[in-house]
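For reference, the structures are reproduced in the following blocks.
In what comes next, chain A is part of two complexes: it sits with chain B in the first one and with chain C in the second one.
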Partner chain A sequence: MLAVITPLMRIIEIPMLALQRLLGINRLAWAFLLPNLILFGLFAFLPVILNVFYATSGSDNVLLQNRPFVGGQNFGQLLDCGNYIDANSCREDKFWRAVWNTVTFVTLQAGFMVGFALLTAVILNGRIRARGFFRSVFFFPVLLSPVVVALIWKWILQREGVLNAFLDWTGLGGINWLVDAQWAFGWSVFISVWAHMGFYTLILLAGLQAIPRDVYEAATMDGASGWRTFRRITLPLLAPTMLVVLVLALIRGVQTFDEIYAFTGGGPGTATTFIIQYIYERGFAGAPRLFGLAAAASLLVAGVLVVLTLAQLWANRRNVDG
Partner chain B sequence: MADRSGVTGFLTATRGRGRLHWTDWVSYGYLFLGVFLMFGPVVWLVLSSFKDQNELDRFPPRFLPYAQEVLTVPGYDDPLPAFTVTEGDLAGQVVGQTRRAAGRAEVVSPDAPEDRVRLTTDMLQPVEGVAFATDNYTQLFARFDFLRYFWNSTFITIAATVIMLLVNAMAAFALSKYQFRGRNAVLLIVIGTLMIPQTVVLVPLFLIVTKLGMFNSLWGVIIPGAATPTGVFLLRQYMITIPDEILDAARMDKASEWKIFWRIILPLSAPAIAVLAILAIMWRWNDFLWPLIVLTRTENFTLQLALNSFQGELQTDWPSLLAMTVLTLLPIAAVFMFLQKYIATGIASTGGK
Partner chain C sequence: MRQTILRTTALAAGLGMTAGAAMAQDIRFQCYSDGNECEVYDDLLSRFEAENQGVNITVDVVPYQAILENLPVQLAAGNGPDMAKVTDLGGLNQYYLDLAPYIDTAAWDEAFGNTLDWYRAGDRQGYYGLHTQLTITGGFVNATLFEQAGVEMPGEGATWDDWATATKAVAEATDADFPMAVDRSGHRVAGPAISYGAKFLDAEGKGTFDGFKPFAEQFVAWNEDGTMARDVWASQGGATYADAAQEFINGEVVLYYSGSWQVARLDEQVGDFFDWKVIGSPCGPTGECTGMPGGAGIVGFEQTEHPELVAKIIDFLAQKDIYAEAAARTRNLPAHQGVAAEGVTFEDVTPAAQEALSAFAADLKNVSPTAFAYQGYAGNRAMFGITVERLSQAIVGELTVDDAMTRMEDDLKAAAEGSQ
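Coming up: the complex of A and B.
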């Protein structure tokens, strides 16, 4: 590895040295920043601007010069609804189904995620043996790829899978889990929590360990019960970290795609189709490729994410300061 | 677990005050349920991947992989499937089956190889033993272009990680060790990119990558994600702690700025770089949505894409699918076992995964 890198670094040194002579030391900073800024510009900021052009133009052509300007037509199509609660009354019913699926999914998933992560973190923070082992057990699924997570659970949940075999044995009888809309949705929430809980547990555990020991000692001296200590000391002191975790879970939840797409394909029907899958299907998987609709929907999601990210930065700052 | 060993010692020593409190029981109950729920599915996957098709079709399934044993009988070139006879003259004996058709079977006993006996199949019970079938794995290489997918994933992961580390470290160096006009503006730009996840710019990103001639090329996956705000921040936080005096001393010795960067700053930032490298490897190896859009030809597929497409195409080919899933999670599991501590701290400190 070093044998490749050393000559490469020597080669880069030649133009950098020339630039240093030309610009002086402090302005050389721009040379160090340049590759990163080019990548940010080309693959983050330029796309945001182009997204607006896509969202306001029609046709299935990807080249911008071949796309006629249509103004707010794409947004109009997305938002044309008799009643926003009822996706069937909308012109683009698939979009609204995806929106409501995502809202339900994110609410349930973030709730369970924070709840179980908190419970796990509190238990891991208690006086238990082999804490490192248990911590890594809960963390382990975080590293698995979304497709692997989906396949592991698909294999367990299939019609003749091990879960149904167990249910048959207990006499409850098996269920064709992923064919039933509500079960498929429920399992989607479950595998999402299963796969990501360890990550949030880790953050909460770090937050718990940052609470000074003497606060607890004082509480014990005053004869406070365990539950009272938890409610009056742990929860308030952990609140900033919990806020960070909640907002992070919401940001991630809105962008859920990979594991559910590999798990259910969005089905049965549209039962587990979420907003990113809607964008993917409109823009890349279906024919004709409706780039305009996909971009318009992206912009709406981006709006939600910007709000959430600002909330995250604010929560982070509060967490650090507080 | 230093003072006492064994499960009881392990459990009873918790509170240090002798007896277990009921909350300890609940805690350990929860934790062991966690072990079962978190590891169980993966263990089940791995065990299943060593079962042959017959065993996989079996319902209810058995925990360990079993396969029918075979008998070598003199006079027969191939080993014969072994059965125990349940009734009749040969009851209790293990025999090899030579032919089977329409409910009737012809068997021979290893003691009397010349003597072929005809029985009905309901009198025969297969002899089975625990056997890890590796065919599922070997046929991956014969039937699919598995090595190519593996290579594509490996190439993307390594190239993207190296480029990302270099580019992000350069930016972090500039932002931590230079006083220049516009530094705060640049920091704001970096924070700004936090708000632009790939998922919301898919369409224009697709156009840009196509225009750059990187559609259906591995570089189309590698380059767009090479600069990350998380990486810049993580490295910058670390580099700020490196004292400026070291840089000044090097400048006195007429070291060029680039040399200071790669001879001094990079080696001193090794812990932060290691954390970022592990994160990058994980991100790239597991990446799915963007490769799904950029790589549409089968020969360009990464392991993740191949897995996903095969589960759609070969709905029933679970043997191959299970083996491939195990091989896909293996590298990450290996990384996890050796570098678990770094990963945990890395993820906790960056809030990124």
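Coming up: the complex of A and C.
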């Protein structure tokens, strides 16, 4: 084996030495990074730059050379509001409805997600029967396609769905879940939590298992109650992991689109229309296709996601630094 | 010697293949089906291929959503097919191949005079589209429910109000869930809206929602009081299409307002479950009793490398005998006036479906010129979307009807500015 590798290395060594002489040893690192940087630039930076071009140009033409430069007009249209709280006072009311729906959704979804994931992780971390089975059960929805999740729940919740059939059978009478704005929104939050909780439970479970056993043993010897142990030991030691989970859930919440779009289509009215759906409809589904407006909205969302990602990096670092 | 023969044979075969490849003309036809259209065109076009050696037509069957969303982007990027079956007739005009230099325009004027304008826009007034699938919106009623309720069915010239009263009585008597239902589509409500006074186009031929309010008020009120199936419009967001065909098939709706393309589905799925019939479009307060015409057509694109061949293929499908066969096999109303005048015996349909299709064909005479003009307006797709979005918001209570009307006008202005 060595007999094959050594001559090969010698062949590679010749251009590498030449390159090292040309660039110097410190700058050689860039040469190693270059292939990755080219790929990353092509698939990450180039779309961002193109997005900026689209956001600052008008018309429904897709080709950049046919799009007139309009500066900040698209951003102006999105941000033109009498009162940002009242979407009806905004020129682009659908954008602001989507923004406030997203804010409410993300707050509720991330809150419930962390809460339920923590509860589940604590239960699954305990000595319960068929622990492995239950861990799989809670993780299973994560493996489902978002569209499948949406279709399953639509089948359950539609007017003549499984849930209403059951309610009718019990004599309680069905509810038109998907036609009522508040119910539709509530179910959207529930489904999102149900579908993704397994992933966050897994992270928290790993966090729980990383807490040293001897701390709990000491607490038991001191006669601390279960609740006190949870409040004074588990929660503080798990806090960095929970912060990571919270930030990840917030990022995921802002990006929500596929499963809710397939579930309610954003309705009733605009009750479950979130920001990514607004961007999709403006840029691709509606007529005319307002790529500029969609690109401007997506840059604003990107700004929010950058802030959340920085928060996640900070939380991760805090976690590592202990 | 043997080697020489082999070499010569291989060389000849190679040259032959190269020459064949150079002569072959490949045409890609992007097609979507409401029923069996693409299958029938594929079959008809294989006859064209047999008559024209070296021509290879590939029918790419795609979902309807791809025609609406992907095709315009492909065309804008210059990567479109050679020809396609489209429904945004005037909206894609800028990409159409003008067939005029290659076809007998007088014959086309005579056969397709009613629909040629739908494919034209602005100063592009050529010959672009072969309207293969003429549709008209109209109502279907569950005759069995009327019979069970002992309510007399309103006759010819009945208004929307008459039908609302009658269907409510039927629903009450038979426990049907909904007296009426209309597809969630801007195209579907356009006919009734015109009957209530909507203009849709101003004196300069530009889009407007002038006169739409009376219908909007009535439609929202019907959704609020349960006359109209609220589920259809309220359970979706954006401009997403939703129909109420399944509810009608299940016997839950007394009057279902949709269009002629539903006949095959109802014929197949309702079966002996109940009797249904086509009633055309009820009348509005203006005295108009109009539905909306529409449908799909085949167009060629300017970016094709074989414009003459594409025109020849489309002209082949426009020939009276071929067109009549396609109409009969696909069970679509013919836009070809010669074929329509002679009548079509549709294949594999029951007498009920034949009667329904004939009723729709007969209702074409009631279609208002406003409806024809609106169907031919290049910006109608934007207006259909705006109608659905804002009307839905009014139905679920996010906007008042007045606010919805103001927003519709604003959206229309923004759409016009955005597409400049």
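Basically, the second predicted complex is superposed on the first by the 284 of 322 C-alpha atoms of A that agree within 3 Å, B and C clash if a C-alpha of one lies under 4 Å from a C-alpha of the other, contacts with A are read in each partner's own complex, and residues count from 1 in each chain.
Definition applied: a residue touches a chain if its C-beta (ideal position, glycine included) is under 8 Å from a C-beta of that chain, and two chains touch if they have at least 3 such contacts.
Keep in mind the model is a prediction, meaning the values are calculated, not measured.
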For chain A, which side has the bigger count of touched residues, chain B or chain C?
B
First, second, both or neither for A:D93, with chain B first and chain C second
second
Can A:V62 be said to touch chain B (first), chain C (second), both, or neither?
both
Using the superposition on chain A described above, determine whether A:A195 touches chain B (first), chain C (second), both, or neither.
neither
Is A:A181 contacted by the first partner chain B, the second partner chain C, both or neither?
second
Counting only touches as set out at the top, which of chain B and chain C does A:L246 meet: first, second, both, neither?
neither
Counting only touches as set out at the top, which of chain B and chain C does A:L208 meet: first, second, both, neither?
neither
So, does A:T264 touch the first partner chain B, the second partner chain C, both, or neither?
second
Thinking of the overlay built on chain A, is A:F40 touched by chain B (first), by chain C (second), by both, or by neither?
first
Thinking of the overlay built on chain A, is A:I276 touched by chain B (first), by chain C (second), by both, or by neither?
first
Chain B/chain C common contact set on chain A:
62-63, 265, 284
Show which residues of chain A lie in contact with chain B when the two form their complex.
9, 12-13, 16-17, 20, 25-30, 32-33, 35-37, 39-40, 42-51, 53-54, 62-64, 119-120, 123-124, 126-130, 134-148, 151-156, 160-162, 165, 168-169, 194, 198-199, 202-203, 206, 226, 244, 248, 255, 257-258, 261-262, 265, 276, 279-280, 283-284, 291, 294-295, 298-299, 301-302, 305-306, 309-310, 313, 316
Residues of chain A touching chain C in their complex?
58-63, 77, 88, 91, 93-94, 97, 159, 176, 178-179, 181, 264-273, 277, 281, 284-290, 292-293
Note: in the complex, chain B contacts chain A through residues 1, 10-11, 13-16, 23-24, 27-28, 30-31, 34-35, 37-39, 41-42, 44-45, 48, 57, 59-61, 166-168, 170-171, 173-175, 178-180, 183, 186, 189-197, 199-208, 210, 223-227, 232, 251, 256-259, 261-262, 282, 285-286, 288-289, 292-293, 304, 307-308, 311-312, 318, 321-322, 325, 328-329, 332-333, 335-336, 340, 343-344, 347-348, 351, 353
Applying the document's contact rule, which stretches of chain C touch chain A when the two form their complex?
69, 72-73, 76-77, 88, 91, 230-231, 234-240, 242, 381-382, 385, 389, 392-393, 395-399, 403, 407, 410, 414-415, 418-420
